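Here the structure comes first, spelled out in C-alpha cells, and everything after it is commentary.
Just so it is clear, A, B, C, D, E and F label the chains in written order, and each chain counts residues from 1 on its own.
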Amino acid sequence: MNDHRYQTGKNNLEKMNDNGFKRLKKSLDDIAPDLVRFVVEFPYGDIYSRSGLDLKSREIATVAALTALGNAQPQLQSHIEGALNVGCTREEIVEVIIQMAVYAGFPASINGITAAKKVFERLDDGK
Amino acid sequence: MNDHRYQTGKNNLEKMNDNGFKRLKKSLDDIAPDLVRFVVEFPYGDIYSRSGLDLKSREIATVAALTALGNAQPQLQSHIEGALNVGCTREEIVEVIIQMAVYAGFPASINGITAAKKVFERLDDGK
Amino acid sequence: MNDHRYQTGKNNLEKMNDNGFKRLKKSLDDIAPDLVRFVVEFPYGDIYSRSGLDLKSREIATVAALTALGNAQPQLQSHIEGALNVGCTREEIVEVIIQMAVYAGFPASINGITAAKKVFERLDDGK
Amino acid sequence: MNDHRYQTGKNNLEKMNDNGFKRLKKSLDDIAPDLVRFVVEFPYGDIYSRSGLDLKSREIATVAALTALGNAQPQLQSHIEGALNVGCTREEIVEVIIQMAVYAGFPASINGITAAKKVFERLDDGK
Amino acid sequence: MNDHRYQTGKNNLEKMNDNGFKRLKKSLDDIAPDLVRFVVEFPYGDIYSRSGLDLKSREIATVAALTALGNAQPQLQSHIEGALNVGCTREEIVEVIIQMAVYAGFPASINGITAAKKVFERLDDGK
Amino acid sequence: MNDHRYQTGKNNLEKMNDNGFKRLKKSLDDIAPDLVRFVVEFPYGDIYSRSGLDLKSREIATVAALTALGNAQPQLQSHIEGALNVGCTREEIVEVIIQMAVYAGFPASINGITAAKKVFERLDDGK
C-alpha cells in the first residue's frame, strides 16, 4: 500500500547515504523491521522528498540538530556523510558544528567535531 | 580591547536581527551587561563573521537546533526573524521545522511551527 | 495515495483525543497543513494502530516520555487527556508522573503534575 | 532508621532486576555507597512499592522515558531486562521503543532498539 | 516511619526556601501529596542535610544544573531565591548563570538571567 | 588582536586543567583549530577570568551542569579533574554529582559518579 513512499525513500537514500541505511537495516532488521521501514517511508519518503528546501540545506539542518542534541552519535556520523554526499564541503560541515557551541554549548560542539573527524578519516581511508 | 570583535558583531546584528538584539539589550543590560556584550562579541563577532558558510545556511542551522532543543522559544523566534532577514523564505523555515519531527520528535516540531506562526503574524501586523 | 493511513489515524484520534487534534489542526492548518497530516498518518495511522501493545500502555509510555523530556507542555496535557480517554485512571497517570522524578529529576515530575492538574481541572469544569 | 524502606527496596529489586542492582552496587560501592543506598530506598523502596500502578506499566513508563532522554544507555538496558522480569514481552518492549520515534525522534528510537537488541542477545546467550 | 527524614527536610527548607516550598505544597497537595512529601524527605531530608559540601555550594550546583537543563523555570527561580537565602550574592548567581553559556549555550544562559531578574525584582518589590 | 584574551585563557588553563586542554588541542587542531582557539579565548579567557565567583565554585557549577546534561562524558571527566586542581576535594565532587539525582534523575547521577570513578582511578594510577 505504501510502495510509492517506500520507493521514494529508497531513491532518496541512494542519493544521500545508502551505506548508512544498509548498516541500519542489517543491524535492526531482525528485531524491529518495521522501524527500518518507517525510516525509509517517513524521513526519506515523506520529508526529504519535499520541495521547498534543497537537500544540502536539509542536511545542514540535521547535522546542526544532532550536534546540538548531543545524544545520537551514530546518526550524527551518518548525516555528516550524507551532507557530503549531497554537496556540502567538509569546511561547511565543520562550520555548522562549530556554530553549535553558541546554541548548545562547547561540549556538544567539540563532540560533534570529533564525530566529523571520525567520518573524514574513515572516508580518507577509503572505507 | 575587543573593539574590533564588538564592531564586527554589531555589523552582523544589523544585517541579521537588530530589533531582536535591542530587545535583549534592553532586557538584560541592567543585570548582566557582560552577557549582552558576549552575545555581540562571540556569536555575532566571532562566529557569524566566519567565511566558509553563508549566513542563510547558518540561520537554517540555528533554527534547526533551537527547534530540536525545544527549550528556547524566545531565541527560536528571534532566529526565525533572523533567517527571514538573511534571505530564507517562510516556506524554507517551515520546511526546516517540519523536518525536526524526524530528529527531535513531533512535539518539538509542532512547538517550532507555533513559534514561526507567531513571528509571521507579528511581521504581517507590521510590528 | 495514503487514504488508508489517514483514515486509520483519524479513527484512532477519535478514540484517543479528537478535541486535542482539532485544536492542533485549527492552530497549524494555515501554516503547515502537511505537518498536521503527518501527525494523523504517522503517529496515529502507523504507530497507535499497531498490535503488540494496548493503547493504555501506549499512552502511559507517552505521558512518561513527555514528562521526562519536560519541554512539551501542550503535548503532555493532550496525552494526559488521551490517557484518560483510553482507560487510564487519574491515579495511574499521577503515578507515572511521580515516577519520573527518579529518571528525569523532581522538577520534571513537579511540572508534569502541574500539567495533570490543569487537565483534571479543565475536565471537572466541563470544558 | 530506614530499614523498612531499604528492605522494601531490596524485595522489589529481587523481583525486578537483582543482577542489575548487584552490578551497580559492585561498581559504585567504593566511591558513593550512599547513592547505591538511595537507589534502593527511593526508587525501589518508595516508588516501585506504591499501589496505583502495576509494575509492568511502571517498567513501560521507565523504558519509554529512558529511550526518549537518550543519554542513559546502561540504565535503559537494565530496565529493558527489568521489564521482561515483571512480565513485559519482548514485542511489547520493542513497541514502546518504536513509539518513541514520535516523541523524541528516530535517533532516540533507533538507539533504544539497539539497547534492546543487546539485552535480548545477552539473555539468549544465557549471560 | 520517616518522621526523622521529614523533620530534617522541613528544617532545611526553613533555612533554604520555605516560601517556595509552601507554594509547591499549596499547588500540589490536593493532587499528589506524596510527591510533596518526597520533596521534603529526599532532596531536603536526605541530600541537603549531608555533610561534605556546604549549602552555598549546593545551591550553586543546583542553579547551574537548572539553568543548563533549561526546562524548569519555576524551580530555577525557587533555587535562585534559595541560593540568596544560604549566602550567595546576586553577583555570584549571575556569574554562575553567565558561565552556563559555555556548557549549555547562550539561550539557556539568557533564559537563566531572565529568571534571576524576575526573582531579584520580586524581592526588591518586597514580595 | 585577541592576544590578551588568548594569554589569559592559557594562564587559566595552566591552573585548571592543562593536560585536558593539550588532549583537546591534539585531537582537534587539524580539523577545527579555531574551535580550539575559541575554547581558550571564550570560556577560559573571558569567563573563568571573571571576578565575582571563585574558581572552585565555578568548577562545582560546571561539574553539576555536565552531570545533569548527561551527554558530555569527556568534558565531565576533564572538569572533575579541573575541580580537583582548583581545590575541590573528591568528597565535594561526589556530593555535587549525587545531588544531581534530584534535578536530573538517578541515571544522570550514576553516570556522573562512574565518570568521577574513572578520573580518580586514573589519578591514583599516576596517569
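Keep in mind that, in the parts below, a contact is a pair of C-beta atoms (placed from the backbone, for glycine too) under 8 Å apart; a residue touches a chain by one contact, two chains touch by 3 or more.
Everything numeric in this text was worked out from a predicted model, so none of it was measured.
For subunit A, the chain with the farthest CA centroid is E. Repeating the C-E interface, with the same residue numbers in over half of the contact pairs, is the pair B-C out of A-C, C-F or B-C.
Rounded to whole angstrom, the centroid-to-centroid distance between subunit B and subunit D, based on C-alpha atoms, equals 39 Å.
Taking each chain's centre as the mean of its C-alpha atoms, subunit A lies 30 Å from subunit F. As a whole-number value, the distance joining the C-alpha centres of subunit C and subunit D reads 23 Å. Subunit C has residues 34, 38, 42-43, 50, 66, 68-72, 75, 94, 98, 100-108 in contact with two or more other chains.
The part of subunit C that touches subunit B in the complex is made up of residues 24, 27-28, 31-32, 34-35, 38-39, 42-43, 66, 69-72, 74-75. Taken together, the subunit B residues at the contact with subunit A in this complex read 42-43, 47, 50, 52-53, 57-58, 60-69, 72, 75, 91-92, 94-96, 98-104. Residues of subunit D touching subunit B in their complex: 68, 101-108. By the touch criterion given at the top, residues 69-71, 94, 97-98, 101, 105-111, 113-114, 116-117, 120 of subunit B touch subunit C in their complex. By the touch criterion given at the top, residues 1-2, 4-5, 34, 38, 42, 46, 50 of subunit D touch subunit E in their complex.
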